[in-house]
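The first chain written gets the first letter, and so on, giving A, B, C and D; residue counts start at 1 in each chain.
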Amino acid sequence: MKDHEESLAALRGEIDEINEQLLALIQQRGELVLEIARVKQAGGLEGPDPEREADILRRLTAHADGPFGASAIRDIFKAILRASLDIQEEARHALMRVYASDLVPAGGILVGDVAIGAGVPVIMAGPCSIESREQMEEVATLVAALPGLRILRGGAYKPRTNPYTFQGLREEGLDILQETARRHGLRTVTEVLDTSTLDAVAAHTDMLQVGARNMYNTELLKAIGRLRKPVLLKRGFMATIEELLLSAEYILAEGNENVVLCERGIRTFERATRNTLDISAVALLKKETSLPVIVDLSHALGRKDIMLPCARAALAAGADGLMFETHPRPERALSDGLQQLDPTEFHHMMVGLGLAAEPVSSTAQGARP
Amino acid sequence: MKDHEESLAALRGEIDEINEQLLALIQQRGELVLEIARVKQAGGLEGPDPEREADILRRLTAHADGPFGASAIRDIFKAILRASLDIQEEARHALMRVYASDLVPAGGILVGDVAIGAGVPVIMAGPCSIESREQMEEVATLVAALPGLRILRGGAYKPRTNPYTFQGLREEGLDILQETARRHGLRTVTEVLDTSTLDAVAAHTDMLQVGARNMYNTELLKAIGRLRKPVLLKRGFMATIEELLLSAEYILAEGNENVVLCERGIRTFERATRNTLDISAVALLKKETSLPVIVDLSHALGRKDIMLPCARAALAAGADGLMFETHPRPERALSDGLQQLDPTEFHHMMVGLGLAAEPVSSTAQGARP
Amino acid sequence: MKDHEESLAALRGEIDEINEQLLALIQQRGELVLEIARVKQAGGLEGPDPEREADILRRLTAHADGPFGASAIRDIFKAILRASLDIQEEARHALMRVYASDLVPAGGILVGDVAIGAGVPVIMAGPCSIESREQMEEVATLVAALPGLRILRGGAYKPRTNPYTFQGLREEGLDILQETARRHGLRTVTEVLDTSTLDAVAAHTDMLQVGARNMYNTELLKAIGRLRKPVLLKRGFMATIEELLLSAEYILAEGNENVVLCERGIRTFERATRNTLDISAVALLKKETSLPVIVDLSHALGRKDIMLPCARAALAAGADGLMFETHPRPERALSDGLQQLDPTEFHHMMVGLGLAAEPVSSTAQGARP
Amino acid sequence: MKDHEESLAALRGEIDEINEQLLALIQQRGELVLEIARVKQAGGLEGPDPEREADILRRLTAHADGPFGASAIRDIFKAILRASLDIQEEARHALMRVYASDLVPAGGILVGDVAIGAGVPVIMAGPCSIESREQMEEVATLVAALPGLRILRGGAYKPRTNPYTFQGLREEGLDILQETARRHGLRTVTEVLDTSTLDAVAAHTDMLQVGARNMYNTELLKAIGRLRKPVLLKRGFMATIEELLLSAEYILAEGNENVVLCERGIRTFERATRNTLDISAVALLKKETSLPVIVDLSHALGRKDIMLPCARAALAAGADGLMFETHPRPERALSDGLQQLDPTEFHHMMVGLGLAAEPVSSTAQGARP
């Protein structure tokens, strides 16, 4: 056993030496790669060239006559090529904007005078769909009565799965939202569905919402990027976290840096909840980007009975805000009736989160527990 | 035991009688529901009234003083209300178009002179992205040489996840596609991303494609519905089969009945394939609708080594056609290089599907197995 | 319009009357159903009879000659039959144990002298695998030094995916675990894989763990149910919440009510984390059952950099405890090296959760941030 | 531009030279790695040493002072270490058995005199649960009447989700299965749930089945590996293809090479089918291993109306056999009633697959279409 261990030590010494030589060569290779990038840029030449890479791999694996077979050699050199690509990319972009640490000012992202990502959780509340002036009046009164609440939500353009269900009041809805919010001193967020209605929506709201179904809609993202209006970008219900960050980059790349991300649940096999709230996504987004992150509890859960503990969890995980659907009479709602909080439930939620005082009179009037 | 069985028989007789009474009452109730639908339509009144339903349920469950508790009573009456809603819906729409058996003429859906859904499997082939006139010329030559192949695909507008990757040649790509196809006597299909470029795309192609990322883009679906051009509607990788049918209904509802559905894999936990080809979706769509169904194998699998058996499976499950990505030099492709078949691989695929004769000269030149 | 509304009101009045008649008949039918259940029990006859139900449905739908078609009638009566089944079940089981509100005593479930579910969060910590006496000694010292920590975990029998990787020290591991814990005054939890080793494991540990891969192992669940030892039942990474509760019921039904549930992440399409921590499962389990719920953060996340915010979220959602993997030298661990906290990281985690004082000397020695 | 291209060519030449030097060093390093493996084996020393690897990476990344940062260097050397590990593994196992091309003899795997994987598709049919001698007699008569059918299935031990539902006839069921099959000249396959009942099950059946819930049950797999009886190993409904192959390796590693794999659908977000039949898994398994692959259509789909096209797809994808649940009176079945074919449906299925002649008399008696 002693002899074996001695042999082992000797062999390991040899490997260590080779490792050092490999390291030196790899760094030398890196210098050449950066030089190539500079030459290309100076000459206006194209970036990475897949054919050249394929050539390299083909040549190196053509006569694999050592212990490593062609596929092992291919894997190792692919790692080297990928790392080379990475340093070229860094040189070109100085990293993507979405990962930049200076992206969001200390004061957060401003929606009018409401700062998101500045340390105080922001609540956005309102009905799924804008249905009438009276309905919005009731909701706005409810929201405006609570000291910390300043952003009213409501859908004017609704991306419904079924073409025969209510599609939103559209232009009329925008008008109701804007006018009601103005009277109550609230800010607004509402969804934009398409580039053709972007200007109209942008003219009537303080913050644009890109819904989960539109997270991959690159044409819309680019068009929003050319505005300077704050955007709430929702994660697609089947989108990875990386894809969400890349969608944000579409907006940032065009110059609009007022982006707020929104986790709203992902589609999984579990059906006890409408979607599965991905709480680790909140923690991960907070780590990867300085953009604020809010959580839409109504769509994530699709049920109200566990909304309070999940809202607390979202804040504990680091969320910068929460979004709730609330409706004066959920049982009459034209969409998503089951998940919208009625006024009493909404007030209880705010009390549970420490954002409202214990209700007195309303409970007397028969509030639900 | 005998006594027990006698009691049992007697009790069951009583239940049978009650069942008959319930049945009669329920049918009587159905007549009233239909009468209400007629009155509403005549009076231009709104359809179903959720508040009225909530009232009914509230009243019936207010004093649940029998063996069934409030929630059981609620469930039973919800079933009755749902069935009532269904017969009202039927009366209103005479069923959705997408489920109609007369939707597609016997000759199938025509893309120029190519019939889809008329009994002969249709192959659509071409590169992921249109990159140059030369590239398309090579692909078109390859496709046109095979007797059964008539539809050339290629992306001019590319919905890429990363904003810094190739976004397509756009207008120039449309022009290359149309011009190349015309010279080779081929028909074309290409993706449209947004309502703002719909007219331009429609003017340059025989068939529009709605990509997986746009399946929920209701504004785009409606706009396409107002045209009469054939559409290839791809299933979102996160969409249920029912959602795909409802997206098709958006197009049909506007009057465009030239819709072809496309299964292209769904996102699951499995990573051996890029997506999971949902073969039962093919069988199910063929059963639920008369619209033709094709399968995009390149996106479903993301790898080429198992494409032939999966293509055979798709046809065996009833698919009306298949879509493949093919590129003269996949290793140089500007997008999706790994899943595109090179000319030899594509020819082998067609041979394997019985759509081309065994290649002679090309194998001599060193074709891959 | 006036006339229409009057007709409407009249028709609705008629429907209301029919609803009342239906309600009365349904309750009357419920009485008969309960009577049948009593007769069957008295006579030792079998419970629900699917053939009888099939007969009923067949007869009622045989001549569907009203506005409701056979399938609507079938749906309505299925709702009635289901509700009938429910009240029979209630009569038989007086509900399942897992849903009973009196299941857990006020003092919680006792693992030795450690109470789980009694208001104070319980931390379980230790390495993935028991590897040696020295390793466990180091971990036990670390754990025992923190005032709130009393339960040591460690795997002796390891259910590894690959048969050629470390399978655990088995009997020897059990012995090390028990002996080390005893010396440090700690309680233990360790996994049992199979009925054949259940007795041995039970003799060496204070709490049995059923791993995620064994949640559906009904034979093992039944055997554990016949013991009185506390069990930590982990949710399968592919199991719905309802399935987890039914697995718990397997144990409860045999008489062992010392069950603690554990959420440990589910398998989804997202790969940024090893699994997706289902935070709403915690809230939902706390609502549906009185059994305590703990969260295994190491397996849920598979990465350490977002563990603290997720741990906070778990507690905020109502978890009764947390489980962490910790190892003296994770980079040397024989399994799951990437997700195990080293001593400094573990101490930081406890500080972050308010369960330990700010470390002084250890940071001086070069702790990681 | 000319100058730039010249500079580019020169730089690329330099890179090519470095590539060659890297290649030579890497192969030299490979020789040392293999030598170390030999020394360790001779000395009975442990295999790969994670600490040593961690040391190497730490040292190489300690002073990353070139263009590649520490994390890029780490990635490249990880690729080298992984490849080194791979060639060591190859040296140790001469590859895993499951990937060996000589695993299955030309005559296939024999279940009695029935060969699976020998070119002719094998059908396994029978009820979900064995319920009585009469029921099995009827099924066996049906199966034995069809010339190509030789394997009878039926569950004696049932792994049910709910503890209060039928758990199988257990020993009595085994006896019924064996006795009925013997009289009809059929072979049998039935599920084994646990090591404690393995011997009893093995004594009564020709082929053991490991169910989807037990695919990760390593203790059971090892115990089965020590027998020589054929095994049908079902893929877990949330297991990757690689995990299925590793579970098979557990059995193979113990010496039992009579393993047949079974795809039975995976759990996804889609609910139109009970699970999602993963057809590409069939193609992939056929490519990766020489073990036969069969498809369980009843569990994959959970519905009968699309079973025939999916069965055709499974065979087209290369499946060596199919499994169906069939029951004399599915509406009376004690489990899985909805997905079991009644005798007429089963006969139609066999006709549709070309495995039976067109039924004459039975259709006259009122068969379902």
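Quick note on the criterion: contacts are C-beta pairs under 8 Å (C-beta built on N, C-alpha and C of every residue); 3 or more make two chains touch, one makes a residue touch a chain.
All values derive from a computational prediction rather than experimental measurement.
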{"item": "More contacts between chains, A-D or A-C", "value": "A-D"}
{"item": "Longest centre-to-centre distance from chain B, chain (CA-based)", "value": "C"}
{"item": "Chain A-chain C separation of Cα centroids, rounded to whole Å", "value": "30"}
{"item": "Centre distance in Å when chain A and chain B are each reduced to the mean of their C-alpha atoms", "value": "28"}
{"item": "Computed distance of Cα centres, chain D from chain A, in Å", "value": "38"}
{"item": "Chain D residues counted as touching two or more neighbouring chains", "value": "238, 267-269, 271"}
{"item": "Chain D partner contacts - residues on chain B that touch it in the complex", "value": "238, 240-242, 266, 268-273, 276-284, 286-287, 300-301, 305-306, 309-310, 312-318"}
{"item": "For the chain A and chain B complex, residues of the former touching the latter", "value": "50-51, 54, 93, 96, 159-164, 167, 193-197, 213-214, 216-220, 222, 236-238, 243, 246-247, 249-250, 253, 267, 329, 331-334, 337"}
{"item": "Residues of chain B that touch chain C when the two form their complex", "value": "1, 3-5, 7-8, 11-12, 14-16, 18-19, 21-23, 25-36, 39-40, 42-45, 52, 56, 59-60, 65-68, 72-73, 75-80, 82-83, 86-87, 267-269, 271"}
